[in-house]
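Consider the two complexes below, in which subunit A is the common component and subunit B and subunit C are the respective partners.
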Partner chain A sequence: MELNEFVANLAEQFDDTDASVITKDCHFRELEEYSSLVGMSIIAMAKTQYGKSISGADIRSCTTVEDLFNLVSNK
Partner chain B sequence: MVEHFNPFTLASKQILVTGASSGIGKAIAIACAMMGATVIVTGRNEERLAETLSRMPIGDHRAISADLTKPEDIDRLVENIPKLDGFVQCAGVGSRVACKDITQKAVDYTMNANFESPVLLQAAILKNKKINKAASIVYLSSIAAWSPSMGNAIYSASKGAIISYAQCLAQELASRLIRVNCICPAMVWTDLVLQDGVTRDDLLEDEKRYPLKRYGTPEDIANLAIYMLSDASSWMTGSSIEISGGIIKL
Partner chain C sequence: MAYIKGISYYLPERVVTNDELLLEFPEWSVEKVATKVGVKSRHLAAVDETAGDMAEKAARKLFEEYNIDPKSIDFLMLCTQSPDYFLPSTACILQNRLGIPTSAGAFDYNLGCSGCVYGLVMAKGLIESGIAKNVLVLTAETYQKYLHPSDKSNRSIFGDGAAACLISTDGIAEIGNFSLGTDGSGADHLIVRTGASRCKQATGDVFEDMDGHLRFDDYLYMNGSAIFNFTLDAVPEMIKDILAKNKLESGDIDYFVFHQANKFMLNTIRKVCMLPKDKFYINLEETGNTVSSTVMIALKDCFDKNVIHPGMKVMITGFGVGLSWGGTILTF
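For the complex of A and B:
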């Protein structure tokens, strides 16, 4: 898993948030567009693109995009 | 003889239960046996089917393992069952995925297990004349059929599809007094609800929203299945019964 690619994939899960906003230090859950539906897409992304199973609670334990990257990497 | 009044007895009935290796199917199979039926259980996992059988009172019950998404398994199952007085289709899967993330694989996974397989198994049973007059057929649907939630689109559609199918089947079989009904539960504590990122803590929080302050148990659902399989429900067909702890429709 590579961080930059992960950040780009995560940015894809948002429709109205500019990709430039999604960086490794971004507090993604505080973004205006963030919702449980985006969370669901992140779970789907972890599964289909990285073959990892994560939970909603896992996502809620992350603050930054890098936290999320580490979470998925370590699953 | 008032003390023996029991309109819900299943004595002398032969009942097939699919998805009987876990969850609601397992609870229904055991409850049927306790009400006097001879039960045939089917599911994919032989060991877990044996566990279901071990929980039944003594009788001529048996397990036939089968993956109902495989046509050859449906054929083998139908060949090996007696003529049925009751048939409960509980086998099913759940999935939670946002509409924009739905893939062909996700559609097939849920629709094959929840809609296609039950429909094809039913056709095979009818073609092979493995169902008695005045039998009762029960499908496990869900309030999800009309109660939308995010991520539940394919699951909801599969459960809505089975209700529509069952209503037509009820029309076709009524002349032989065979009844077809659906059970539509709200959330029930089974392995099925704990998946795709949902944790037990999330659900423990969610169940507080229910007027009766809890999710259902498999046994809650089994008791409704007993009624539907028994002669007590002789005038009920084409119905979809909601059992929901009082949670209101969205």
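For the complex of A and C:
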């Protein structure tokens, strides 16, 4: 898994948030567009693109995009 | 061999649109949600309308549309998780109301989104063992009555409805071999905790779950992310097993009709399983997720619109509460 690619994939899960906002240090859950539906998209992304199962609670344990990257990497 | 002979369905009169939901939840980005989950409106059973009432209406439609004499039915089963009473079985009441002979067997079975497939399992077993010749499988659910008024997610996804299917020794679609599965360790992920024997009294308790959603003890609770992950684990394996058990390959399947859980989940399953978009049914815009009736409703609509026609092999699957899943091949 590569961080830059992960960040780009994560940015794809947001429809209205500019991709430039999504960086490794971004507090993604504090973004205005973030919702439980975006959370579902992230769970689907982890499953379909990385073959990993993560839960809603896992996502809530992450603050930054890099935290999320590390979480998915270590699953 | 056992065949589906006819399918009909009934949707209650009251329709709730997304605009109506928006009036209750003005802060909600309803259009975005609607696009993702694929539901624009859903039907709601009337206050005094039960799953049994809806099942009766679906059965009467079936009798009328296919010119079926209720006296020819020798077995009746109803799939519901909202029975009219704790006892007796709603199916027994329906035997009388529908004019089905007293020599017929009847029972309810308690399953949700996998219920249609399990009805076919039991009907096929009864027919192939010579126990029955004409099995009426009814599915009916009023999940909306289990939802807390503030639960906008589930109120937007689920819809009430009922379906009726006659399985017989001849008909329009041969029922193939089944793949089935159960994982009770996930029972807590989709549950109404109170009102039955484990906890008869309402508790009034509310908790915040690990996803940050409120879990009301006395109403339906769904752990969305857990159900989503379960589906993405179970369904791809089930598809392989259905194909193996029917000695088929994915390319042999002309159409896929899966439980219409929600559009987002169906699209994700389709991508994970690399199923062709033009052969994969998604339509719950005007019904929502009607639980055990989605597959029957979809099959009926596809057949009426000639999307499914004679000569086609159709894979059907159901998956959800239990956790429970099942699927088979229908050869039209």
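Everything below uses one rule, namely that the second predicted complex is superposed on the first by the 75 of 75 C-alpha atoms of A that agree within 3 Å, B and C clash if a C-alpha of one lies under 4 Å from a C-alpha of the other, contacts with A are read in each partner's own complex, and residues count from 1 in each chain.
Operating definition for what follows: contacts are C-beta pairs under 8 Å (C-beta built on N, C-alpha and C of every residue); 3 or more make two chains touch, one makes a residue touch a chain.
Everything quoted here is computed from the prediction, not taken from an experiment.
The residues of subunit A shared by its contacts with subunit B and with subunit C are 36-37, 39-41, 43-44, 48, 53-57. On subunit B, the positions that touch subunit A within their shared complex are 96-98, 100-101, 103, 150-151, 196-199, 201-202. The touching residues of subunit A, counted against subunit C in their complex, run 15, 35-37, 39-41, 43-44, 47-48, 53-57, 60.
The touching residues of subunit C, when paired with subunit A in their complex, are 29, 32-33, 36, 153, 209-213, 223-226, 228-229, 232-233, 264, 268, 271-272. By the touch criterion stated above, subunit A contacts subunit B in their complex at residues 36-37, 39-41, 43-45, 48, 53-59.
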